[in-house]
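Below you'll find the structure, written out as C-alpha cells, and then a few comments.
Chain nomenclature is as follows: A, B, C, D, E and F, assigned in order of appearance, with residue numbering initiated at 1 for each chain independently.
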Amino acid sequence: MKRNDGRTPTQMRPVSIKKNFIKHAEGSVLITVGETKVICTASVEEKVPPFLRDQGQGWVTAEYSMLPRSTHTRSQRESSRGKVSGRTMEIQRLIGRSLRTVVDLENLGERTIWVDCDVIQADGGTRTASITGAFVAVCLALKHLHKNKMIDFIPVKDFVAATSVGMLDGHKLLDLDYSEDSTAGVDFNVVKTGQGHFIEVQGTAEREPFSDKDMQEMLGLAGKGIKDLIDLQEKAIGKLD
Amino acid sequence: MKRNDGRTPTQMRPVSIKKNFIKHAEGSVLITVGETKVICTASVEEKVPPFLRDQGQGWVTAEYSMLPRSTHTRSQRESSRGKVSGRTMEIQRLIGRSLRTVVDLENLGERTIWVDCDVIQADGGTRTASITGAFVAVCLALKHLHKNKMIDFIPVKDFVAATSVGMLDGHKLLDLDYSEDSTAGVDFNVVKTGQGHFIEVQGTAEREPFSDKDMQEMLGLAGKGIKDLIDLQEKAIGKLD
Amino acid sequence: MKRNDGRTPTQMRPVSIKKNFIKHAEGSVLITVGETKVICTASVEEKVPPFLRDQGQGWVTAEYSMLPRSTHTRSQRESSRGKVSGRTMEIQRLIGRSLRTVVDLENLGERTIWVDCDVIQADGGTRTASITGAFVAVCLALKHLHKNKMIDFIPVKDFVAATSVGMLDGHKLLDLDYSEDSTAGVDFNVVKTGQGHFIEVQGTAEREPFSDKDMQEMLGLAGKGIKDLIDLQEKAIGKLD
Amino acid sequence: MKRNDGRTPTQMRPVSIKKNFIKHAEGSVLITVGETKVICTASVEEKVPPFLRDQGQGWVTAEYSMLPRSTHTRSQRESSRGKVSGRTMEIQRLIGRSLRTVVDLENLGERTIWVDCDVIQADGGTRTASITGAFVAVCLALKHLHKNKMIDFIPVKDFVAATSVGMLDGHKLLDLDYSEDSTAGVDFNVVKTGQGHFIEVQGTAEREPFSDKDMQEMLGLAGKGIKDLIDLQEKAIGKLD
Amino acid sequence: MKRNDGRTPTQMRPVSIKKNFIKHAEGSVLITVGETKVICTASVEEKVPPFLRDQGQGWVTAEYSMLPRSTHTRSQRESSRGKVSGRTMEIQRLIGRSLRTVVDLENLGERTIWVDCDVIQADGGTRTASITGAFVAVCLALKHLHKNKMIDFIPVKDFVAATSVGMLDGHKLLDLDYSEDSTAGVDFNVVKTGQGHFIEVQGTAEREPFSDKDMQEMLGLAGKGIKDLIDLQEKAIGKLD
Amino acid sequence: MKRNDGRTPTQMRPVSIKKNFIKHAEGSVLITVGETKVICTASVEEKVPPFLRDQGQGWVTAEYSMLPRSTHTRSQRESSRGKVSGRTMEIQRLIGRSLRTVVDLENLGERTIWVDCDVIQADGGTRTASITGAFVAVCLALKHLHKNKMIDFIPVKDFVAATSVGMLDGHKLLDLDYSEDSTAGVDFNVVKTGQGHFIEVQGTAEREPFSDKDMQEMLGLAGKGIKDLIDLQEKAIGKLD
C-alpha cells in the first residue's frame, strides 16, 4: 500500500527543527513536518498565575493558533469572531499539560513559561508538531535562563514528543497528513516521553469503533515515530546540563 | 485496599437511571452515579445545521453545564462570565462525538437531536455519567419519534456507555469519585459500545507517565464497568424495535 | 369558571418544598409549584462585594437560570449566546432585592449569600417560585452558620414569599400557569412579607390597561396565596431561633 | 414639609417638551423635568422583526442610554464595557411595553418605530421622563407618516405618560429627584393612559415594606401628576387626526 | 463655484460654542458647526491609569460616540452590538492624542481628565468639531480645578483646534459637510496649535491619489480655518491664568 | 549623525520580498524590512460583502495581527482578550484603503480578496511593511486568477508601497526601527503610488508640534524610500500583463 505522497504506512514525513527562528523570544523554533509548519516560542515571565502565588514553584502554559490562510481555504480569525473555538482550547490545554508533565515546576522558580504555537502552514498533525516543537523551544528558554544564572540547572525531567496514528481502509498509518486525517476512521494523538512512557493517549473513532488489538498496533507505530522525533529534538537542543 | 467510601478498587458506585424526569423533553433521564447527578434531556428539532442541509441525514449535538452549586464550592456561571470554558467545550464535543458514532444519522431523517447534560450535583465522573445517561435520553426520544410514526425504525447501531479509571498510589481504580480524581496520577475516560469496541480513549498522566502495561490493566477494568452500565441502560430503555 | 387544570380562580397549584436537595450547598431546596420545579441553593462566601468592604455588614445576591429544556421547546443556553437576557437580569435583580429586604444584613457579618435559582421544569410562575424557595434556602444556610457558631442568631427580620395573579377574559386568577400567563391581559407579580406588607408590586397590562378596582381585587387574591406559601415555608424551615 | 428645591410633597418639577430637537429623526423631542434632560427620537424603519414577518402589523421598540457624564460622577460607557446593564435592559423593556400598549400596531403597517431615549443630564426620574417624551416623539413620527400618506390615520389608541412617587421619612412625595430617589424607603414608577388606567405599576420597598393604604395614597398622587403631563403632551403634539 | 449651502470653497460653516451645557461635569460645551452638534464634557478623576501610577503626572483620555439617530438613517448602538467600531476607536484615539500634546501632563497632578464627545446631530466633521469643543471643555475643567486650588496654574501649553478640508471635482474645499465628505475624492483632517504648528495631519485619497501641490493648498486652507476656530475658543474660555 | 544600526538618516533598512511563502494561498510573500518580518497572504473568495451584492464589482479587505512573541515582551493574543485593539483596527483599515485605491475593483469581478498580514517578528514599521508586501501578494493572486482565465487582464491601476519617516532630536530619519519609533517626536506613515502621488499621509506629533517645512522635508525622504520599494516589488511580481 502506497500513500498519497509515496510514504509506506509506517513512515513519518520529513521533519526539521530550525532553532532561534524569532529573535525576541527566549526560546523559539520553526518546526516543519512535511508541509505542516509551526512557529513555537517560549517566553519567560517573572511571575506566576494567582493560584500558584507564594508557593515557590513555576508554571508552563500554552496558546495555539492558526494563521487564517494556513489552511486550504481561509478561515476566520478567532480574534474577529471574538472567541476561541473549542478545538483551539482542547489543543492548547493538551500542549500545556504535556509540557508540564516533563518540566520540573518546583525547580523552575516563581516564573511562567508562555508557549505560543502558531501554525503558519497546515497539512495535518499541527497539534503533535506543536508539542514536539514547543518542547525544544522551552528547553532553549531554560538554557537561556541557566546561562543568565537565573536557575542553577535545567529543570527538565524527560523529553516529550508527539505524533498521530490512524486507521484508513483497514490500514494502520503513522503520521497522518491532512487528506488522510480527514478520511481516517480512527485517529489517535499520542504523547510520550524519552523513556517511552505515555503522557497522553487520545483515540477517537470517527465512524467505526476499534478493537483492543487495533489500538495496540497503532500505539506501537506511534511509539516508533516518537523515538525518531526525540532524536531530532536532542540534536536541536544540544547539551541540557 | 479500601477506598474512601468502602468500595474495592474494581467496584463501581451505585448507579440509577430515572426515566422521563423532565416532562417537556422528548427523552429525559436523571442519572445518578454515587453522589453525581446529571439531568440528560434529548430534544428533537426538525431541521439540521447549515453544513448538512439537503443531504437527507440527521445530526446529534450535545451541550453540558454544571449548576453553580453542583460543586463543593460555588463556581461562577458561564453565562455571567460571558463565555464557555475550555473544559466545558471539550466535554460537550466528547458527548456529541460518542453519540454520533452509534446513532444511524442517515436514517434519522433531516432532524437534529439536541442533548443537554446538566449536572445538578457533582462528585467526579460527570462527563462519563453524561454520556451514559444521554444515550438513554436519545433512545427515549427516538422511541417517541417512532411511536409518532416519524421514523420507521429506531436508528441506533449499538449501545454506548462510559466510565473513568485511574491510578492512585500504584492502585488501578474503577469509577473515580471527586476526591480520587483530584489526586490520581493517571486518569482515563473510556467510551465503549455494547459490542465491546472503543469509541474514545482519553488517558492523561497528571503527574507521572504510565506504561503500556498500566494502560492495558486500566482499560480492562473500564471494559468491565461499561458492561454493567449497558445492562442498566437496556433495562431503562426497554425494547428498541 | 373552571381553569385548564380544574382549579377555581382563587386556588393555587399544589406546592411542595423539599429540603437539602443538593448536598454541597449550605442551604438548598427543590420547590415544586404545579409543574414548575426550581432548585434553589444558598452558598455562603466569606467576603463581600467591593462596594461593601470594611462596613461590617453582609450581602445577599441572586442568579436565575432555566435549563434549556425546562421549557416546551428548547431554548438556547445563555452561556452559548454569550450574554444574559434582559428577562433573566430583571428576575435575578427582583429575587435579590426581595431577599435583602428581609435579611438583616447588618447582623449577617462580612459575608455574601449567593442564591442560585435554577429552573429545571417550567410551567409559569418561575420567578415567584424562585423567591419563595430561595427564602427557605437562605434560612437553611443561616441555620447552618448558626449551628457552626459563625453567627449569634438568625439575622432574618420577616418571611418573604411571592405569587402571581392576573386577569383573563375578565376573570381574576391566582397563580397563573404557563398557558394562562401567556394569554392574560394583565399580569402581576407580588412579593409580600409574613406581616402582610408589600415588598414588590409589578403589574403590567399586556394589552388592555386596568383600573384601580381591578388592581385592588388582584392584590387581595395574591395576599391570600402568599399567606399559604408562608405557612409552607415555616414548616420547611422549622425553628428559626 | 419643604423639599430640597422648595417644592411641596405633591408638586411636580417644571416640565418642558421641545419638539423637533434632532433634525434627521422622523419625530424627536428634548424633554426636561427639573434638571433631568432626555433626547427622545422616533425613527421609522420599513420592516418588522422576524417574529412579526408577514402578519400585516407593526412594532415599536425602545433603547435607553445615559451619556457617561449625565450623572454626578462619570459612569463607564456600556459600549466600552461590552454589555448593557440589567438596569438599562429593564428600562428599555418598560418603555417599549408602555408605548406598544397605546399604539395601534395592527394599523401601523409592516414597519418598526425605533425609539431612542438618551439621557444627557440626569437628576432622577429618567425612565418616566423617557416614556413621557417618547410618546410625543412617536406621535410626531406618526404625523410625519400621515402627512406623507403612508398611513391613513394616526394609529394611537390613547395617550401615555409616567411619573414616580415615593415615601421618604413617612411623607409621600410626587416626582422624586435624584437626592430623594436615592434615600426613599419606597419607590414607585407608574405609567397611566389618558383615560386614567394603569399600564404599569412597579413599586419597590428599598428598605421597609409598605402597606396597602400607603400604596393607595402614592398611586393617587401619581395619577394627579400624570394628568398634568398628558396636558403638556397634548400641547406639544397638536391635533392627532 | 457655489456649495450646497451657498458657502464659497474657502468658507467655514457657522460655529458656536455654548459653555456649561451639562451641569454635573467639571467642564462642558455644546459645539455647533453648521448642523453638526457635539456635547463635549471633561470629567476629573483623582487617579491615573496603571501604567502612569506613582510617576507624579496626569493623563487625558477621550471617548467618542454618536447617538443612534444623530445620522440620516438610524445606526445600531455600539453597546447593543457589544463592541466599539474601528471608526470610533480611531476617532477617540485621535482626540486623546491631540489634547495630550497641548496639556502639560507633568503639571496636571496625578489625575485623569476623561473627555466625552457625544454627537447628538451629525452632518460631517464630527471628529474635528469634537477636538475643537473638547479643548474648551478641558480648559473649563482645569479652571474649575484652579479655582478650587487643586492646581497652581492652568497646565496648558497651547491651544488646539481642528477642521477638515478636501478635494471635490478639482475644487479644494474647507470644512466639508456630510454630503461633500461622502463624495470627496480626497479628505484631510488637520489638527493645529495656536502657534500654527501641526499636531496631526491625516489625508486619505478615497479614489484618486493627490499630488504634493494639492496637499499644500489644502493644508493652507485648513490653517486659515483653524485660526478662526481658535479665536472662538479664546472667547469661550476666557482668561486662562 | 549615525543611527543605532549604522545607517545614515536617509537610508532604509535592507528589504527582501520572498514569494509564495505559504503554499495554500493564491498569493503570498514573506516581507523582511530589517528585523521586521511579515507574512502577507491574499486569498480569493468568490463572493462580495452584502453592501456590494449584484453591483458587478469586487472588493479588497485586510486583516492584520501580530504573533504574541513578535514583540520584545510577549503581548496577549487578541483572540484571548476577545476583542481587537484600536491600533489593530486602524492598521487593517489603512492597509485595505491603500490597496483598494490601486486595484481596479470594477474589473475584478464579483469576488473578494482577503489580505492577511501577520507579523511574525516586529522591529518598527510593521504597518508600512504590510502594505508593501500585501500589494505583491495581491498581484500574485491576480496573476493566479488570470492564469486560470477567471479575469481577462490584471486589474491593477498602479503600484503602492509605504514607509515611515520621523523626527528625532531635530534629525529627519527615513524608515524608523522600533527604538527610533518609540522615541521620535514626530512620526509619519506615508503611502504612495508608482506614479509618485499620495494615497495616505498620517503624521502625528508625539510630543512637539511640527512646522510646514519639517513636513515637507520628511515627505521628500519618504518619497525617495517608496521609489526603492516599488523597484523591489516590480522584481518580485514580474510581468503584470
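Basically, a contact is a pair of C-beta atoms (placed from the backbone, for glycine too) under 8 Å apart; a residue touches a chain by one contact, two chains touch by 3 or more.
Chain by chain, the UniProt names read as follows: A, B, C, D, E, F = Ribonuclease PH.
Please read these numbers as outputs of a predicted model, since none were measured by experiment.
Asker: From chain A (Ribonuclease PH), count the fewest steps through touching chains until chain E (Ribonuclease PH) is reached.
Answerer: The fewest steps needed to get from chain A (Ribonuclease PH) to chain E (Ribonuclease PH) is 2.
Asker: Taking contact as defined at the start, I'd like the list of chains shared as neighbours by chain D (Ribonuclease PH) and chain E (Ribonuclease PH).
Answerer: Both chain D (Ribonuclease PH) and chain E (Ribonuclease PH) are touched by no common chain, going by the contact rule given at the top.
Asker: Note whether the interface between chain B (Ribonuclease PH) and chain C (Ribonuclease PH) is symmetric in residue numbering, meaning over half of all numbers used appear on both sides, and answer same or different.
Answerer: Chain B (Ribonuclease PH) and chain C (Ribonuclease PH) contact each other through largely matching residue numbers.
Asker: Could you please state the distance in Å, as a whole number, between where the Cα atoms of chain B (Ribonuclease PH) are centred and where those of chain D (Ribonuclease PH) are centred?
Answerer: Roughly 51 Å separates the two chain centres.
Asker: Can you work out the whole-Å distance between the CA centroids of chain C (Ribonuclease PH) and chain F (Ribonuclease PH)?
Answerer: Whole-Å distance between the two chain centres: 60.
Asker: Could you state the distance in Å from the CA-based centre of chain E (Ribonuclease PH) to that of chain F (Ribonuclease PH)?
Answerer: 28
Asker: If I count partner chains per residue in chain D (Ribonuclease PH), which residues reach a count of at least 2?
Answerer: 82-83
Asker: Provide the residue numbers of chain E (Ribonuclease PH) that touch chain D (Ribonuclease PH) in the complex, in ascending order.
Answerer: For this pair, the touching residues of chain E (Ribonuclease PH) are 22-25, 28, 35, 39, 41, 43, 45, 63, 65, 67-74, 77-84, 88, 114, 116, 118, 120-122.
Asker: Under the stated contact criterion, what part of chain B (Ribonuclease PH) meets chain A (Ribonuclease PH) in this complex?
Answerer: 83, 85-86, 89-90, 92-93, 97, 101, 158, 192-193, 195, 197-212, 215, 219
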